[in-house]
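Each of the next two complexes has chain A plus one other chain: chain B in the first, chain C in the second.
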Partner chain A sequence: MRTEANARVRARGLLGSALAKAAAYLVMGTFTLMTVYPLFWLTMNSFKTTREFQVNMLGLPMDPTLENFRMAWEFGEFGKLFPNSFIYTIGTTALVIALSVLAGFAFAKIPRRVTKWIYGSFVVGILLTINTLMIPLFIEVTMLGIYNTRLAVLLVYVGAGLPIGIYLSTEYIRGIPTALVESARIDGAGYFTIFRRIILPMAAPVATTLAILQICSTWNEFALINILVSRTELKSLPLGIFKFSSSLSTDYGKQFAALVIGMAPMLLFYVAFRKQITRGVAAGAVKG
Partner chain B sequence: MTHAKRIDREAGRAYWMMILPAFLIYLAVMAFPIVLSFILSVSNYSGGKMFGENAEKWSLVGFAQYLRVVKDPWFWNALKNNLYIVGISVFGQLPLGFVFAYIIYRRLVKAPGFWQGVLYVPNIISIIVVGLLWQSIFSPNGPIAQVVNDLARGEFQGKLSGLMDGVGHLDLSDGALSRILDLGGQAARDMFTDPVPELRDLLSSYGAEEGAMVANDLTNLLVNRWTPEFLNVKEVAMLPILFVILWMYTGMYLILFLANMQKIDAQIIESARIDGANEMQVMRHIIIPALTGTIVNSAILAISGSLSSFALIFALTGGGPGRITEILSIYMYRSAMSGSRDYPLANAIALIMVVISILLIVLTKAIEKRWGGKEE
Partner chain C sequence: MKKLIIVALMIAVAASLQAQVTLKVLNYQQADQAGYLEDVAIWERFQTLNPDIKLEMEVLFNDPYHEKLQAYAAAGTLPDVFYVWPGARSAVIHEKKLAKDLAKLLGPDYLKNFTGAATNPKNQLGGYLVQLPQSFTYTSVMYVNVKLLKDNGFAVPKTYADLKKMVPKLKAKGIAVMMLPNKDGWPGQSCLFSTVAGRIAGDKFFDDVLAGKAKFTDKAFVDSLKVVEDLYKDGIIQRSDNAIGYGEGPGLFASGKAAIFLDGDWRTGAYITDKASGKALIDPKAQASDFALLPIVALPGEKFPGVNSAVAGTGWAVSGSIPAGSAKEEAAARLIKYLYSEEVQAIRYSTGAYVPTRLGVKATLEPLPAMLPGFYAANPKTSYVIDGVLDPAVYNVINDGLVAIGNGTKTAAVVAKEVQAAFEAWKASKK
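Coming up: the complex of A and B.
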């Protein structure tokens, strides 16, 4: 009697879990398909001529061509956009990491009463989204005479990246035992020496997180550079791709090729560093 | 004593040298614009040189701009759209992200890394690419329209051949012609001034053996083509935008929830299961309580994300049709950058957004106190 009841319960449990699994696959499958298909569709259509696209939007390209890419590359002046994007991304990332780890060390290990206020102001900045300041920034940059310069872009990008950078590095360096710093002090080492010899080598993990966060956000940034720069020579990839929206809205082939060129670098980056990116995002989503 | 003082001074110098570069840039890029936007919002400055020789004349005129903003219906429209974005995040992305994370965490599906990896992909792509991609998908001549029109065409052709079958020739009766026209509805009739005779005239121009061609041409002529204006109908233009936002950012919440679920001690769940708790009970009594901080944190991220969003709507609709899909940032951008160069108004909007952010920060601190301690 009891074993029979047990078996029934177990059977129901098995059935329930099979159903739950089927439902789980259905849910995940649907949303994964919804995520992937538009991107696949875009890529596939970038190999069709605009004429073919208009009659065959859903099928595979009948006569794949690279012509769209050639024309998009030329029209979009991607040869100029790519170097700019690299300059902005690498420059911002390097500066944010260097300044954040340096200041983070000071905040974490050099006791000063003023830290509470200055560090606090950075933490507040995490939620103070800089996009809300794009108009005053535009006016400031114009006033300073640095509109349409790489300097302005780098300055604004670094300023925008510092709050989260400083928050993460300060919290990280706080976790390094203070005894290490103190014993070096007793040995007569200056703070800059301690920074170089002890802190910097230990800060590699937080520097990696910052690099990941900063590369993703800088490479894709649009709202700010849109008000800082108008010359093609200074434009980044997203700004250049935006050109394909209005002037070319009917030349689908070229537009799709431009979008594929635009998303390819980040997709490759993601494929290469997926684990680090995922960890970085989870660590970076702090409210301060 | 002097020794200690010297050491302290050395420490102080090192401290300032380490923080000043960062702090000065931060002041220039975050603090100064806030002050500037306040000054400009109570002035009548609208471009040109501010100081020095040949400077434009401008003066402080008071808080009139704020009154203008509050009285402007487009401000409230933009604010409402910002709230819609918060809404889709809190009631769409958060629960979906939670469910996905839960499914992966409890191993209801195999290959956890695969699902997580794929669902995060839209986050990694430039917002401009995403905006333009969906713009072409939603376009009146885009793939959605084509799929629906192909289906409608097939159905029409089926019905049409049903009507023409058995007649065998093209000399159809008035009744048959009328039924053919009925397939296309009122729109088909509107193409003619006198539908039935004109259609007969048209058909008489075909040879008797051209039946297939007639069917094809009639379909092309009479079938109702659907040209959906997803992004151009005032009443619903926000819906596709909200959909794209959902599509793009749900994966981020999935990652947040999953990362925090993985911090929960697996043994607690195991022993609860052994004690007979079912899946729902585990979720209600173990997982959700452990994630309260994450849920609150995500909601706050959603609000600040809504305030900072700009590029997606800029690329998808540019705030149109009319100004119906503007959010605060686009409302501000448009005030300053298009036509009138209304700097005072734009800066008043900027400052209002800053104040909302500050309220948010205060709220965060209050919540932090309420739940005690920091959680990621």
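Coming up: the complex of A and C.
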């Protein structure tokens, strides 16, 4: 009798767990579809002519063409823009990580009277929107004589990335036991040695988080680069894509192809580093 | 003969010694528009024809263009030649008078080659010829599938009642009487309501509102909104059109889903033959035989019959900071005259970009764009396009209100109150 009741409870438990699993899969599947379908739709329609797209928006291409990609590449001058995107993204990411972790160490472990003021002056930058800074920045780089140079772009990008970088690094490094730093100091180590031998290896997770944030934001950034350079040779990918974007646009084929060209490197980046990205986000989200 | 050769040589040497003039140009160019390649060629040809002028060109499009122009204006480093809108979109150029008066730069002899509407300074926010509009755009045009109407026993509609009569029969066949894709909000205002308000309230009403002598809650404006309300209530426009994106409209119309399609005159370019694929959304033969471009039908209660919303188009401007009488000013004027030449305007006309304001421009066109000059001639009376005279803080509320009216979630009176509140808030913010 008791065994039968136990079996019934177990069966009910199994059923409940199967239902919960099914519900979880349904919810996750829906969200996956909501994310993946637009990408699939965009890619699929980039192989259609505009005429075909206008009469067949949801179906597969009847007569697939690569012409949209060839023309988008040529008209958008993506050949000139891609190298710049790589230069700005790699340069900015490397500098923001290096400067943020160094500053984070100083703010978290070498306190002085003015530390909170200097730290605060950096962190307040998080609250400033890019739009409020655009015109002052343009005037500044023009007056400095660095308008239309890669240096201006890198300086501004690094400056824009530092507030959040310093904030995350400082808070992360604050979580590393201060006793480690003090012991090393007693053993005669200088601050730079402590940074290199103790802090840097332990700050790898926050550096990964910063890298992910910085790579995504710099690769997709267009508001600042738009006002910092005028020569095509110095522009980056988003400016090429914006040459195709308009609510009045009539040539969807080229527009979609341009969007796919711009999106592809980020997708490849995610596919190649998805494990590191997931780990980095999870690790960077909690203090060390 | 010897003397002549010597003089010619001297001129050539003097010319070569003279420094090349550099013109900075901020160009507005859309890479996926029909005629992109032709546009690129236009600029290359100027460079070939004018080796003494060096063009340093920056090409932008859409919002990035306006943001950059704003930054240049703020820093006082405007390019020498740039692209300007006649209204609020380029407000900084107009209000601060940052461009030269083209009426003075180009002179009356040159400007007599253009339509009066294009050279009328009143059509520009700055009150002077900041730019020379390349086109004059009608924003409310009925694209009519005459064959579809005929097949169903209807003649081309002339009145609101004609449209209402079509509803039961066409609805039963799953065909919309009039399609207005309004998911994006602005077509309802630009392609329909501007003309409705122009006919019922009139331009003076908007002038009075801006001068504080009238309110959006006045009967004239509420009645205009009621016409839109009725168009949906009577089933002439379907409420589901608010879920159709602007880009989807031409495909649906071309496939016979609607008898009439409401859009601006610029949309004729959507139906012509695509040079890349050699295909047209509507075959040129059918464009000629089965379709017509007509003004919006006569509306109940209209006080200004026959007016249609229209606005001066975009055009080129010259920086006000170029010294008068300088070589740079001469070079800029030469570039402007080239861009507005018959040769260049004919290329733009033939690619479906617009119908030029330059007189006497001829081009080989497909039937739908070729109908536009006739449309303009038959409908000379124009009214404001609302987003050309009101601030975005106000016209966006009108746009949203029209969508709500279309969905049946707000009445005309409620929307009018909201617009008035937005106008008052905007006015207060300007103090």
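The working rule: the second predicted complex is superposed on the first by the 225 of 288 C-alpha atoms of A that agree within 3 Å, B and C clash if a C-alpha of one lies under 4 Å from a C-alpha of the other, contacts with A are read in each partner's own complex, and residues count from 1 in each chain.
FYI, a residue touches a chain if its C-beta (ideal position, glycine included) is under 8 Å from a C-beta of that chain, and two chains touch if they have at least 3 such contacts.
Every value quoted in this text rests on a predicted model; they were computed, and no experiment measured them.
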{"item": "Partner chain(s) touched by A:Ile139 [first = chain B, second = chain C, both, neither]", "value": "both"}
{"item": "Between chain B and chain C, more extensive residue contact with chain A", "value": "B"}
{"item": "First, second, both or neither for A:Thr50, with chain B first and chain C second", "value": "second"}
{"item": "Chain B versus chain C as contact partner of A:Phe242, first or second or both or neither", "value": "both"}
{"item": "Contacts of A:Ile166 with chain B and chain C, given as first, second, both or neither", "value": "first"}
{"item": "Partner chain in contact with A:Ile227 - chain B first, chain C second, else both or neither", "value": "both"}
{"item": "First (chain B), second (chain C), both or neither touched by A:Ile212", "value": "neither"}
{"item": "Touched partner set for A:Gln255, first chain B, second chain C, both or neither", "value": "both"}
{"item": "First, second, both or neither for A:Val153, with chain B first and chain C second", "value": "neither"}
{"item": "First, second, both or neither for A:Glu67, with chain B first and chain C second", "value": "second"}
{"item": "Where chain A meets both chain C and chain B, residue numbers", "value": "54, 57, 134-135, 138-139, 222-223, 226-227, 239, 242, 244-245, 249, 252, 255"}
{"item": "Complex contacts: residues of chain A adjacent to chain C", "value": "49-51, 53-55, 57, 65, 67, 71-72, 75-76, 134-135, 138-139, 142, 222-223, 226-227, 230-232, 239, 242-255, 258"}
{"item": "Complex contact set, residues of chain C against chain A", "value": "29-34, 36, 58-64, 67-68, 70-72, 74-75, 77, 184, 186, 246-248, 250-251, 254-255, 266, 269-270, 274, 276-277, 279-281"}
{"item": "Residue ranges of chain A touching chain B (in the complex, touch as defined)", "value": "20-21, 24-25, 27-28, 31-32, 34-36, 38-39, 41-42, 54, 57-58, 99-100, 102-103, 105-107, 110, 112, 118, 121-122, 124-125, 127-140, 143, 155-156, 158-160, 162-163, 166, 190-192, 195, 216, 219-220, 222-223, 226-227, 237-239, 241-242, 244-245, 249, 252, 255-256, 259, 262-263, 266-267, 269-270, 274, 277-279, 281-283, 285-288"}
{"item": "Chain B residues touching chain A - in the complex, by the definition given at the top", "value": "10-12, 14-15, 17-19, 21-23, 25-26, 28-34, 36-37, 40, 50, 96, 99-100, 103-104, 108-109, 113, 115-129, 131-137, 139, 141-143, 146-147, 247, 250-252, 255-256, 258-260, 279, 297-298, 300-301, 304, 307-311, 314-315, 328-329, 332-333, 335-337, 343, 346-347, 349-350, 353-354, 357-358, 360-361, 364, 376"}
